[in-house]
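Residue numbering begins at 1 within each chain, and the chains themselves are lettered A, B and C in the order written.
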Amino acid sequence: RREEMAKSTQLIDNEVFRAYATYTAIVLLKMMLMSLITAYFRITRKAFVNPEDTASFGKGESAKKYLRTDPDVERVRRGHLNDLENIVPFVGIGLLYALSGPELSTALLHFRIFAGARILHTFAYLIPLPQPGRGLSWAVGYSVTFSMAYKVLKTAWLL
Amino acid sequence: RREEMAKSTQLIDNEVFRAYATYTAIVLLKMMLMSLITAYFRITRKAFVNPEDTASFGKGESAKKYLRTDPDVERVRRGHLNDLENIVPFVGIGLLYALSGPELSTALLHFRIFAGARILHTFAYLIPLPQPGRGLSWAVGYSVTFSMAYKVLKTAWLL
Amino acid sequence: RREEMAKSTQLIDNEVFRAYATYTAIVLLKMMLMSLITAYFRITRKAFVNPEDTASFGKGESAKKYLRTDPDVERVRRGHLNDLENIVPFVGIGLLYALSGPELSTALLHFRIFAGARILHTFAYLIPLPQPGRGLSWAVGYSVTFSMAYKVLKTAWLL
């Protein structure tokens, strides 16, 4: 048991894995924040999608008018979906990359640029910034994940 | 090779990791179930989105009328997307949490509450239960993931 | 430190894990490709969703007409969402499966069928092929993930 526990903590003792864990937790928390922003806009804009969510506004027509789409709500939701589409590959490929034995400095460079790009992407989407602000921040994050995937395939390749 | 294989199975021998594996498989299977429920409602409500899916109903207008949205189908799809938004962070952060050396009892508490909350959330969404049933079950799952992220960042922090 | 580094690369030296890493990178890259295909159709069909994306087409009404949905764009987006719904469970359950000590040949069979089924699914969705082409490729990938989940739960079960 003792040896087992010592081994179970070994991965988290590895510096590259610790960096991966830190940045993965940060970008996943950032993605989770989108749920709160959606809820904030739904409540302040009074724009809901489920009838049971408008029950507190009364019955019948008085509540029904709040079952509508709002541009701000839809914008946050698109940002949230874009996070899912891009952060899921980062988390999956990033784990394999962290286990493929990269240099700590190279790994940190990848993780930092990805996290920075996704945070910028959220600001670019929500403010919104004029293009190509959002497009570029998306492309930077995408390229980092692609670069990590290349290293993973070069190291692990077994088809 | 022998030693290598022995080591490769070590993670799954660790009790916290076994608990993580069990609950992750359960919540991912629950999420996968949403696809089957969507298919069930699409077929029974005859509400499809792709023209090729209605070809068996005949050609032209007789098939075209089944290209429509249905409230029950849309409800399951919203539940499915909500699962993606919440179960993805659980799976990613939960893995790091399981490797950060928590007590087995504390880890089990986190995993059990999360899985229970997400199963309740699905029932609350599909029946549907009056609010705040769905809202509360969502918040409980969200808080569990947040708590695990805090432990991960405290243990691994390397920016 | 030396021993720590040696251990950190051990997982990637395991053949089943290498196979998992290879196929996970492939299916996640395939999923990422959907973003590029969406962008391609948005630009060639001139169908955008964010006002700031149409600013280069001029101001006012001349740009506003490009804020519209296009059947080809929507089709790729549905394929992308279907990837998220199915590849996320594969990546999560596949990792646990790879760590549960399966035979290399059995593991390769699972990974190869899943990757093949998802690539077929994308072609079936985008061409589109007549049903049940897309339905069958979806069901095959779904069944592979289910089979891996069964092995994970049998090996790890700790509730």
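Convention: a residue touches a chain if its C-beta (ideal position, glycine included) is under 8 Å from a C-beta of that chain, and two chains touch if they have at least 3 such contacts.
According to UniProt, the chain labels map to these proteins: A, B, C = Microsomal glutathione S-transferase 1.
None of the values given here were measured: they were computed from a predicted structure.
S.K.: Between copies chain A and chain B, are the contact residues mostly the same numbers or mostly different, with half as the line?
M.R.: Different: fewer than half of the residue numbers at the chain A-chain B interface appear in both copies.
S.K.: Just send me the rotation angle from a CA overlay of chain A on chain C, rounded to the nearest 5 degrees.
M.R.: Fitting chain A to chain C on C-alpha positions yields an angle of 120 degrees.
S.K.: Rounded to the nearest whole Å, what is the centre-to-centre distance of chain A and chain B, using the mean of the C-alpha atoms as each centre?
M.R.: That gives a centre separation of 16 Å.
S.K.: Which chain A residues touch at least two other chains?
M.R.: Expected reply: 11, 17, 84, 88, 95.
S.K.: In their complex, what parts of chain C are in touch with chain A?
M.R.: 4-5, 7-9, 11-12, 15, 17-19, 21-22, 24-26, 28-29, 31-32, 34-35, 49-50, 52-53, 55-56, 80, 84, 87-88, 91, 95
S.K.: Using the touch definition from the top, list the residues of chain C that touch chain B in their complex.
M.R.: Per the touch definition, chain C meets chain B at residues 10-11, 13-14, 16-17, 75, 78, 84-86, 88-89, 92-93, 95-96, 99-101, 128-131, 134, 142, 145-146, 149, 152-153, 155-159.
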